[in-house]
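A, B, C, D, E and F are the chain letters, set down in written order, and residue numbers restart from 1 in every chain.
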Amino acid sequence: MSSHDERLSAVKKDYLVNLAKKGKRLDGRGPDEYRPITIEKHLIKNAEGSAKVTIGNTMVMAGVKLDVGEPYPDTPEEGAMTTSAELPPIASPTFETGPPREDAIELARVVDRGIRESKFIKLDQLCITPGEEVWIVFIDLHVLDYDGNLFDACSLAASAALQDAIIPGERLGKGENRPLPLGSPPISCTFAKYADFIVVDPRLEEDEVAEARHTIALDENGDLRAMQKGLTGSFTVEEIKNNIKRAQIHAKNIRKLLEE
Amino acid sequence: MSSHDERLSAVKKDYLVNLAKKGKRLDGRGPDEYRPITIEKHLIKNAEGSAKVTIGNTMVMAGVKLDVGEPYPDTPEEGAMTTSAELPPIASPTFETGPPREDAIELARVVDRGIRESKFIKLDQLCITPGEEVWIVFIDLHVLDYDGNLFDACSLAASAALQDAIIPGERLGKGENRPLPLGSPPISCTFAKYADFIVVDPRLEEDEVAEARHTIALDENGDLRAMQKGLTGSFTVEEIKNNIKRAQIHAKNIRKLLEE
Amino acid sequence: MSSHDERLSAVKKDYLVNLAKKGKRLDGRGPDEYRPITIEKHLIKNAEGSAKVTIGNTMVMAGVKLDVGEPYPDTPEEGAMTTSAELPPIASPTFETGPPREDAIELARVVDRGIRESKFIKLDQLCITPGEEVWIVFIDLHVLDYDGNLFDACSLAASAALQDAIIPGERLGKGENRPLPLGSPPISCTFAKYADFIVVDPRLEEDEVAEARHTIALDENGDLRAMQKGLTGSFTVEEIKNNIKRAQIHAKNIRKLLEE
Amino acid sequence: MLIKDGIRMDGRKPDELRPIKIEAGVLHRAQGSCYLEWGGNKVMAAVYGPREAIPRHIQHPLKAVINARYNMVPFSVSDRKRPGPDRRSVEISKVTSEALEHVVFTGLFPRTMIDVCIEVLGAEAGTRCAGLTAAAVALADAGIPMRDLPVACAAGKIDGTVVLDLAGDEDCEGEADMPIAIAPRTEEILLMQMDGHMTYQEFEEALELALKGCREVSKLQKEALLRKYETKNEVAP
Amino acid sequence: MLIKDGIRMDGRKPDELRPIKIEAGVLHRAQGSCYLEWGGNKVMAAVYGPREAIPRHIQHPLKAVINARYNMVPFSVSDRKRPGPDRRSVEISKVTSEALEHVVFTGLFPRTMIDVCIEVLGAEAGTRCAGLTAAAVALADAGIPMRDLPVACAAGKIDGTVVLDLAGDEDCEGEADMPIAIAPRTEEILLMQMDGHMTYQEFEEALELALKGCREVSKLQKEALLRKYETKNEVAP
Amino acid sequence: MLIKDGIRMDGRKPDELRPIKIEAGVLHRAQGSCYLEWGGNKVMAAVYGPREAIPRHIQHPLKAVINARYNMVPFSVSDRKRPGPDRRSVEISKVTSEALEHVVFTGLFPRTMIDVCIEVLGAEAGTRCAGLTAAAVALADAGIPMRDLPVACAAGKIDGTVVLDLAGDEDCEGEADMPIAIAPRTEEILLMQMDGHMTYQEFEEALELALKGCREVSKLQKEALLRKYETKNEVAP
């Protein structure tokens, strides 16, 4: 980061902090307001499932592919899942070509934990021949436009694409096509903190000045399934607890969008 | 590229362009003249087939290796082929160590297309057990001295090495050794364009100033099997057509060298 | 290397050379004196065998893991072994993250040759099903503190970890656990030469100024099993012969430590 | 049997394009962008730059470097594609960069690079033509000065008949495919690749068809840019 | 059955830590170092820096960059791990770097980096907490100025019971795990991850336990540094 | 049975070299080059430099860096070798670079590098000796100032007999192999590796044989350079 960029970033932060002191955000939202969310499913013919999610200007495509593979030795009767995220240069002037860097890896792993720990995919129904052949579910997240809050956009896109997915039995000679067996999806809710102000659904400028980030994935009962605190700032114990309570309210609303 | 290199290159180009305006080339050749071509086969004991080709000072070694492997799912009764090219630092002060860069990849893929589309290797005769075992043909191109026109030199070397190749049944316990089943080889003919002057078989300096490149692979009937236009310049439709007609004449002569 | 570093290194070298002219070393040792050596085995529960070796301040951890795999086609009734070395940034300010560079590769290969050529691991007793399943022995060397003479420290750590190793038949469903079948270990002895002064067991500053390095691996009869001359300096024929004779004496003492 | 009574499997005539939909300026962060559907192909293109070329050694002292990156997302094809460039993508990125560089006034921006990102979200056949066509619109949308708006289209041969714009099965089972890109004002050839088998006469016929296809797609590109411009003006007061 | 009559498989009570041993200043070459055993975990941590940050583009004009690298050696786990960072290590390295950066007075050393090497020699469960705890001691041993000495500990849930510091089998077969790191003076949360299933009430309980664990480990860290300091003074005349 | 009645499988006596053919100056683009056949080995070596060492951090302020790269082409061996350096090539490149650096007057060219490319086109046994020997001729052909013309040869043990210059089967089934390289004027050892099993007495015998081999190959190197020089003069008017 050049001194110039650093100064610009300091100015930007000052502006946001001054707004925050008045309880305000750059785009007039309250601290507990999401930007508009859209979900479109079933877009890509070659994918077993696909979805495009936008949160404000942030746009993410998720695709699901299935293949036949060997089960892990310790779960011979269960399918497997894997989640990858790409932050390609199309989505931001700061993203680079090349193998996923630590930001993309953290993103994919947090999304993965939400899906896995909520048992959204019923892996025990993805066995073909115990110990030999199971279905492997590949979830690929491809960010197209980065305007903040990738954690929630990617989590939502992954869930929507899974809801759209079928098991391609016919293509791979393993019986009839059928829907991917699913439970209830996790809902991810992310907070950013700057200058002791904690907002949900940070847009780009808020992501950039954020000192700390807190992502919470909840199940349909509002129970915790995964969490991740990120960035170099800290939260107090009270702040953490508050974030979870706030997330429980947001998750209910977002869950409805996914059920439409 | 430094400013210094850039100026040098501009001077070089001026000189060639001035010659071109008089219909002349650096080494006195006419626009439709190849440099001397030599082909030597059967040089490397451990290769199933090998050949060294020189076009002027350009020198390329090609080697063919065969191995037993699985067929592609969509062609269970056919062998497979793969073509790789290396531009190692031995061949030019500008070549670098490391994984093949885009120049080497384009080169290998254009050579590969010529061989594949002319059905030079009879892949349908390379099946051992349908759906299970077939012969895989590895063609490796190793440039040793770079003085221009790698496309034609590599194509010719690949064809010659394939003509030299045997199927190593004995080494791999798959029956007797026998010649690799082949049809008629493709002949590649490459043109470079600078300052509206289009020459066949560009030598190094011509490669360096070329604005556009056109490679044409022809079968024994003079029919088109593969083409590639390269570099940032353009060709008119008439130029493209002319190149093909010129290539049809050259290809006949070069084909004779391969049949000797 | 900056000019500054270069000057510093020249000063350091002058100092060592002046000492050397008086037959002295930085830490008062004679040319044929090792620093204190310690060997601790059986430290890591998840390893099949493990050992920590220190020579002076140099500290190396070695771990042995076994897995079941296919034999090499030319030795269908023998197990296989592989040796890797890491020079991780924890051990020195000059070591870097990333894939092993040439220093680490040379180190691993020289240690590997000593073990392999002395037939320390009885690979012919590591066959499970001829041609199908054999034990693969992975030796991993992890340097934790670099104060010179990694060749001897790594060789010793590898041998000690192998002596500690069991075949994990139970974990992998291949019969009962049993000790790894071993012969007599190789002993490695390394010399550094600077200013015509040749010392055994070079410490860091001696490694840094050394012009030539000579590593000798001997079996229990004092016979040669592997050698490696390194660095840009040279040895005379007489020096090479002398090194071997000196190594034969050192090896006897070091061997005792391993047998305790 | 790919063609019967002069009609192709998807109902097209030999010289007919698949349905094409082009939308300019669809992304917020990029300087210019384009979403394009062409038969079963779905492509997003975006442009960043001119900006300082890094690493330094790729800088050209007299002009901008065009750095196009063609990428298929893992779920765009039937068998999941591993992320990252394969050899095919590298070749397509190279010929696309070269074709685009011809039309950009690169001399105006020495020492810079212009990044052109082409993401194939869904693939059917002809993705390189779809990608280059979308990239051209994204360049225009980004306001990059160009001497012409390049456009691409393929022609090929199926069941012995020369046809325009091969679709999925026609590409797999056809006899030849020849994608080209042109600068439409002069009809110079910027990109041309060919594989398969064509006589010289078939080649001439295919080239004519491909040029015709380019002309039609060129119109759609310009309409998309016009729509974008009009929309923008409507929004402004 | 991981817990019976309030006693865990290894004999611990729900709120009891595994045995922990911490030794500061164990390496010769590093500026600061720490060896830590925590149950079956054996971790070595070392610190180099502040030194010039390279490559240059990672330099920050106003502060030091903390570059923690968490690494498991191949023989630390039951199935040999291939050398080099996997995705899990990359994530742990990232959250560890971020947590440590909070407490270091990075503003004192602009344009530098401080490398924190964490080598997991033997792994049981809870290696990220062990690694961060050891790294903090190594930073202090290296004399890096810090506003607090961070410390980490996990709590989780097994057989429906919230417990402190999950051991090997408890981690594999348990229902939830939540590692945290805090700055002990203010008890701010520097690192928090969680996976599994906990109600909000269970979370509150687990957080309390984890904080209690952190407080206990913090004491052991300070004792280790004190021992190091005393030993050093004994040796000096 | 590798040796019978003092005669080896290929008809050689124990102290006899395989046939060797050396040609200097065979490449057009390189500054110096050499083609060498040694039994079944076919090696091409070329030299570029001294030129500015890049990346910068490899520059040495007081001398040239010798950067030898030993490479086996995929079809040089019986089982196709994947392109790119494997661990064996890396080691051979390292010890070859070190050996060559000893004889080059590197102090004349600070901050530069001299690239030495060694391509093994066909391999039989003893490729590192063949490569180093060819590289030395290429260096001389490039006019790089050297204090001596290094040369390499191996000796080893088969069926209990110490022999010179192991061929293919002798290398695979023999008991020991010891390649060395020397500066022939002083007979200093520049490279020495050994694996297998030799008593000290066998080692002394093998070393003598290897030195003898080096002396013979050294003559062939010089003859090749002389031929090149004479040819050049013949061509000049």
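Things worth noting here:
Simple rule for what comes next: contacts are C-beta pairs under 8 Å (C-beta built on N, C-alpha and C of every residue); 3 or more make two chains touch, one makes a residue touch a chain.
All values reported here derive from a predicted model rather than from experimental measurement.
Among the remaining chains, not one touches chain C and also chain E. Farthest chain from chain B (centres taken as the mean of C-alpha atoms): E.
Note: centroid distance chain C to chain D, computed from Cα atoms, is 57 Å.
Centre-to-centre, using mean CA coordinates, chain B is 31 Å away from chain F.
Separating the centre of chain E from that of chain F, both taken as means of CA atoms, is a distance of 52 Å. We define each chain's centre as the mean of its Cα atoms; on that basis chain C and chain F are separated by 27 Å. The set of chain F residues touching two or more other chains is empty.
Judged by the touch criterion defined above, the protein chains form a single closed ring in which each chain touches exactly two others.
From chain C, proceeding by way of chain F and on round the ring, the chains are encountered as C, F, B, D, A, E.
On the side of chain F, the complex with chain C involves touching residues 59-62, 87-88, 90-91, 93-95, 98-99, 101-102, 176, 178, 183, 186-200, 203-204, 207, 211.
Against chain A, the residues of chain D that register as touching in their complex are 27-30, 40, 42, 44-46, 48, 51, 69, 71, 73-80, 83-84, 115, 117, 119, 121-124. Here chain B touches chain D in the complex through residues 1-3, 6, 102, 105-106, 108-109, 113, 116-117, 214, 219, 221-237, 240-241, 244-245, 248, going by the rule given at the top.
Residue ranges of chain A in contact with chain D, taken from their complex: 43-48, 50, 57, 59, 61, 63-65, 67, 84, 86, 88-93, 97, 99-100, 138, 140, 142, 144-147, 171.
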